[in-house]
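Please find the structures below.
In what follows, chain A forms one complex with chain B and a second complex with chain C.
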Partner chain A sequence: MEYIYHIAVLFCLYGILTISFNLLVGFTGMFALSHAALYAIGAYTTAILATDFGIPFPLDMIASVLVAAVISAVIALPALRVTGHYLVIVSLALQIIVLQVILNWKSLTRGSDGISGVPSYNAFGFAITSPDRFLIVALIALAACYWFTHRLVRSPFGRGLRAMRENESAAQAVGLNILYMKLSTFAISAALAAVAGSLFARYFRYVGVDSFTINETIYVLAMVILGGMGNLRGSLVGAAILVALPELLKFVPLPVDIADKIRLILYGLVLMLILLVRPQGLLPEPRGRKAMLVSVEDESGPSDAGKLLDGEGGRQGGVVLQGSNLRKQFSGVTAIKDFSIALKRGQITGLLGPNGAGKTTAFNLLTGFLKPTDGVITLNGRSIADRKPHELVSAGVARSFQDLRLFTNMTVIENVIVALPDQSGRRWPNLFLHPARIRAEERANAARAMEILRFVELENKAHETAADLSYAEEKLLVVARLLATGAEVLLFDEPMSGLDQTTLADIFPVLRRLAEHGKVVCIIEHNLDVIKELCDEVYFLDEGRTMAVGTPDALMNDPELAERYFK
Partner chain B sequence: MRKFLTAAIAAAAIFMAGPATAQEPPKDPEVFRFGAILAMSGKGDWYGKVMSRAVLLAVDEINARGGVDGIPLEAVIEDHKSGVAKEGVSAMTRLINISGVQAVLTSFSPPTQAIAPIADQQGILVLNGGGTSMALLGLTDMMFHNRTLASDLAIAAAMRAEELGLGNMAQLAWKNDAGESMIAAADPFWEKAGKSIVATEYMEIGAANIDTQVAKIRVSNPDWVALWTFSPETGLALKKLREFGVKVPLIGVEYTGDVKELAGASAEGYEYATDFFAPSAENPWSEQFAKAYRERYGEEPEFYAANYYENVYVLAEAIRRARAEGGAYWNGRKLAEVIRKSPTFPSVYAKEMTYQDNNVALKQVGVFRIENGEPTFQKFIDLNR
Partner chain C sequence: MDLFLQLLVNGFINGSNYALLGIGFGLIFSTTGIVHFAYGSVYTFAAYVAWFLATSFGLALLPSMAGAIVAAVLLGVACYTLLYRPLELRRAPPLIPLIASLGLNIMLENLNAIIFGSGVRSANFASEVYFAGPVFFTSVHIWQVVSCIAVVAALVVFLRKTRYGRAILAMTDDPNMARVVGIDTKKVSYIVFALGSAISAVAATLTLMKDGASTHMGFIAVFMGFVAVIVGGVGSLRGVIAGGFLLGIVESLGLWKISTEWQSSIAFIVLFIMIMLRPQGLFSIARR
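Entry: the complex of A and B
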């Protein structure tokens, strides 16, 4: 029976590791391969504190968690400037560095000898040395880690993570603080791995670098993939299978000298078979309605979304967002040479120009996605040149993208909810400090989102996955998501492209109503009919310069501009 | 009066000892099942192959002779995946709880360190024939070693270099506990001899490219190069050092079939200090073992094979001695106790070996020189000098 308990303890340790790794790679989409290093930091911190300084539980575990979280956050700061393959490389470097430090800081870590004789847990004079006793501790730790992570991912913070995973720039454009979310996730994931590491040190009573190689990260990654990325229960299933499978294979009688090699091959074959049958993992990430955090009942509750649809008030026609003498240079190429613009309350302003004129770059400058090389940008008279995109959204400037960048695996209503402002649940400590407030906000936000969907006439599609919408509906959802930010200045990048006349007829009134509500609207558009129909004022850009400003009719009747546009 | 008192005390002692001499009959199991946690897979699987072969050979020999006092031995081979501590613990737990073993043969330092608390707590005898780290000492009274520690081998190699009158030492070591412990032993020895260490380089186990380390060693212009590495990396080191034009003596601590294959002609003239195993007429058992091993596996036995073959015989002898004392003797603590009580055992290396107070068997360390691709015995090294 002790053997079964031992396997169960291993399952608990790997369960914690898999949950924490899934938080990082599954829910957040950050492919960092340094998990074993963070696991090692947790194990070594406990081993050193317990063995050399006699620090008892739970102080050793708390210290492990803090050390791993802080180291992870500090290292993550530069690492998070890169994504994709680069993050994999940077995290691999971290893995190597941590193990080299452990190997070479002999006075602290005993180098390659490792630390043996780590004291076992002792509760009221009752030594927890056997697997059956330790299993109780491990199960409590696993349950706590599962609860914590579940609370995290089933929250506004978790919704933000999923949005960020799907499209980072779109997440920024709806006001999510990407750096905060990445840093938090890195630190939390490391802290959870450190819990597993701390338990490892106390259970095995020996820590050595051999237990924390890159193979361990790959092993945990296999568990995450097998169980299902972005599914916590899947993580536990993946951990259970990959811990139990090699043990079960031990009972397959094979010739001694090749038995373990054949078992490894069998193990690999079983994994391949499972993933061939279930490529998304055994428990794939719930999508669409199944993944929704808000309840359908809450959507019909009272809503104050009306104020999100209204502008800040003030004089119609007053300048709200202004860019003066903007210039943007990329190495040797000057994309914007001299661009000035004034966006006014209650007006729809058009940005017109041939391909490559610099329209999208101008949008990027006005919304903080790019910093101007020269020039001044003000919002209501105050400079916003140094603000980050999510800060500008809070300040009242939001944008859409030419390629839509919807959160396609989320429902329509969640695409809107994620963009709603003033969500306490975006700060993860609030999830645990103010759970009642978060629940109340979520109920209110469900109702607000539904009202915004009614405004764009998408309420009947609220529970469909964004990926299942028609192109026209996607465009409307872009508008809804932008409205949800509550921003005063709304910049639409080609909102009408690819739409037929019937759909255009649906969207025109929506944009007009926004302007009537006192919003500042700016659109990039190629369709001259749209410009003529919608815009009060048009800026003509070419070669990175403002060539002309005027009414649509005035500009379209200018033969020089027409030549430039159709050249 | 004094004589009377002495006689009285002696009589009392005999009387008190009475119940012990009237011993219980031995409680025999149906089989003496023991475990062997070896590197059966992973980058060090060569060791597992050699060691497990030797274990099975010894078990079959003993059983062919009727087992231990008529009871057969049975070995259960487990895998620690070339030194992974966690795998060692899992294997140990399986062996204790499913196979019901009372003794375990182990190898590699990390898994051996990790299973030590379990052995201590559950009273399982552990016989190590492969792990060479100093960190293995003092972990538990239940653990005995018939492998000379790497640190002692390094000192023996350095003593050989000193005898040869060599001066500046450069060293290339495995980046692990064994490599570190050899450097930790050799450095003070060499400096105490008034000589210099001109380069210390490390290589990873399983490294395929050591050109940088070898280049640094070459430019340090040493009088000899110490190789604190084991199979198969020693072969790579020999090959690369010679390819880079390092012509000074190379002295290490191991030469195996893998090293021979990898190094080829570069091994010529290489010397190494190791547990001395060479079949000889002086010890017929060694010849008998080598012959049996060769016939069964078609290869010459390595000293690793000799260690594990010997460990099975140590276990069998310990069981025999414990059984002679009667009672519930098939018990790891009892086996450890009889080894400590009478620590001298027959050895396949020499006539016999004796476990010292630190539970490490004192064995002969021999120096060999590669001539025409084959090891040629040079001399014994007296580590107590």
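Entry: the complex of A and C
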């Protein structure tokens, strides 16, 4: 019986580790292999504080959590500059460095001897030494970690994580603060791993580096993959199976060292087989309606989305966003040589020019995705040179992308909701401090999103996955998502390309209505008919320079420009 | 000063070993995009096979190495056939082969340990000590440098002069374009897995001669190879050679001032600095 309890305690520890690793790898898509090192930091912090300084529970665990979170955030800062394979190699290096520090800082960690004699928990004079008593503590910790993470991922913050995982630049373009989300996730994931580490120290009453090698990260990875990336319940299932499975080996008479190796072989096999046979894991990530955070009833509620579709007011024709003498140089190549533009309230401005003229680069400069080498950009007269893209979105400048960059695995309505402004649930502490406010906001946002979808006539597709839309519908969703930001200045990168006449006829009035409502609209467009039909003013761009500015008719009758355009 | 010279020479010799590891790993990585962590186990396997041939049949260094190369090629190609190829056919996103390779590595590493036993296995290849002024080095050091030069020379000729070599370069440049112009990317993938594994066996046999073979030797080997590739710049042969030597020399010279137990951290500090300052690596073919 003792043995069963022991296995159950192990399950709790691995359950916590799996949940926290899934948050990082599955939900956020950040593949950092330094989890065992953070687990180690949690365990050592508790072991040192409890053994050498007599610090009681829960102070030891709190300290573990804080130390791991801070170290993780500090190491994440450089690591976050890189993604994909680079993050893998950097995090592996961190794993090795942390273990080396633990091994070599002998005065604190006792090096390769490890720290033994860690005091066990004490509750009302009872020492919690046996597995059955400890199991209660471990279960409570697991439940708390599960509840916390569940809250976190099923929230506006979690929705942001999914959006970021699908497309980072699009997430920035709808106003999400990527750095904040990544740092938070790194720190929280480390904090949860440290809870498991702290429990480890108190349960085994011994910590040594051997328990925290890279193999430990791979076990936990196998559990996450087996259970399903992006599914918390799956993580528990994965942990349960992979904790229990090797125990069956105990019933086979094998020499101890061979049995241990077979256990590792088993982990490796499970990892490979699941990727080959069922890469989504036993419990796949919820998709479509199941993944939604808002309930369907709320969508028909009253909405104030009209406000989002209106401009700020002010004089029609007044200059809102202005770029003067912009220059952008990439090592050696000057993409923009001299570009000036003034976008006016209530007007649709067209940006025209041959391929490679620098139109998209101009958009990138105006929306903060690139910093100009020279020149000034002002919004309502104030310089916005140092603002990041997400800050500009909340200041009122938003853009779409030529290649759409929808969050294709999210539903249509969620693509819109994620872009809505002023969501306090994007800051994760609010999820726990003001749950009622967040719920109310979510209800209101569901209704607002629905109204925006009605505006572009996509309301019937609201619960479909964005990947299942037709091309024309995708284009409409791009417009809807951009509108949802509530930004005053809307920059559309080729919103009409590839659409047939009937769909064009649908989008024209949408854009015109926005201008009438006082928005500032700018479009990049190749179709001269569209420009003629829609734009009040056109900038002709070629070779990184503004060649001409004027009404569509004036520009199109200029033979020199025509030659440049059709060359 | 003598110490400095000795450390510099040691670093150069270790660097040639890292360069060799990086060339093999990088050839596979930059051509197929697969982060082949199990490269470490293939390398370990090769070392054990060389040990087995040398101790059981009394073979000399070069025949043992030849046997190890054959074994490594077979295992490396098997890795591609049984694991990575099916994942590619399923159009798995790029991190999936990486995760799978971690599983493959942990499996092969422990199979190696079960087959060959744990603990250090060493082979007694003929070896001599030489002195050049105050600096000493041994036969194995010469072998390491010579084989690095030989592998690089052969590889350059192969890549530049043969049809498949040019196909590898094309695929490194742009796999999709390579497919479009009619290059058989499957065949090229098999070739780079065979070549990369063969190169790992050369490094493995010499490590066996120098330090012996052990269960966990593969992880640090694949790791240093990976670091050399990243520091040098993915897809650049010149880069990975420079990266390997840079790592070896910095690591060795670091010992001048820093105590030995921190030695392996030095390489990672180089990695961090490099990624912060020049993420594209010393030499980069990336044009984006």
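By definition in this document, the second predicted complex is superposed on the first by the 540 of 567 C-alpha atoms of A that agree within 3 Å, B and C clash if a C-alpha of one lies under 4 Å from a C-alpha of the other, contacts with A are read in each partner's own complex, and residues count from 1 in each chain.
The rule we apply is simple: a residue touches a chain if its C-beta (ideal position, glycine included) is under 8 Å from a C-beta of that chain, and two chains touch if they have at least 3 such contacts.
Being a predicted model, the structure only gives us computed values, none of them experimental.
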item	value
Contacts of A:H6 with chain B and chain C, given as first, second, both or neither	first
Partner chain(s) touched by A:P279 [first = chain B, second = chain C, both, neither]	second
Contacts of A:K261 with chain B and chain C, given as first, second, both or neither	both
Which superposed partner A:Y86 touches (first chain B, second chain C, both, neither)	second
Contacts of A:A440 with chain B and chain C, given as first, second, both or neither	neither
First, second, both or neither for A:R110, with chain B first and chain C second	first
Which superposed partner A:Y206 touches (first chain B, second chain C, both, neither)	first
Partner chain in contact with A:V74 - chain B first, chain C second, else both or neither	neither
Which of chain B and chain C A:I97 touches, first, second, both or neither	second
Chain B/chain C common contact set on chain A	103, 257, 261, 264
For the chain A and chain C complex, residues of the former touching the latter	31, 78, 81-82, 84-86, 88-90, 92-94, 96-97, 100, 103-104, 214-215, 218, 221-222, 225, 257-258, 261-262, 264-265, 267-272, 275-276, 279
Contacting residues of chain B [partner chain A, same complex]	40-41, 45, 48-49, 52-53, 56, 77, 79, 81, 83-86, 89-90, 93-94, 96-98, 109-110, 113-114, 116-117, 121, 133-135, 139, 175-177, 179-181
Contact footprint of chain A on chain C as seen in their complex	35, 83, 86-87, 90, 92, 94-96, 98-100, 102-111, 113-114, 118, 219, 223, 226-227, 230, 261-262, 264-265, 268, 271-272, 275-276, 279
Residue numbers on chain A that touch chain B, as the complex places them	1-3, 6-7, 10, 103, 106, 110-114, 116-117, 120, 129-131, 200, 204-208, 210-211, 247, 250, 256-257, 259-261, 263-264
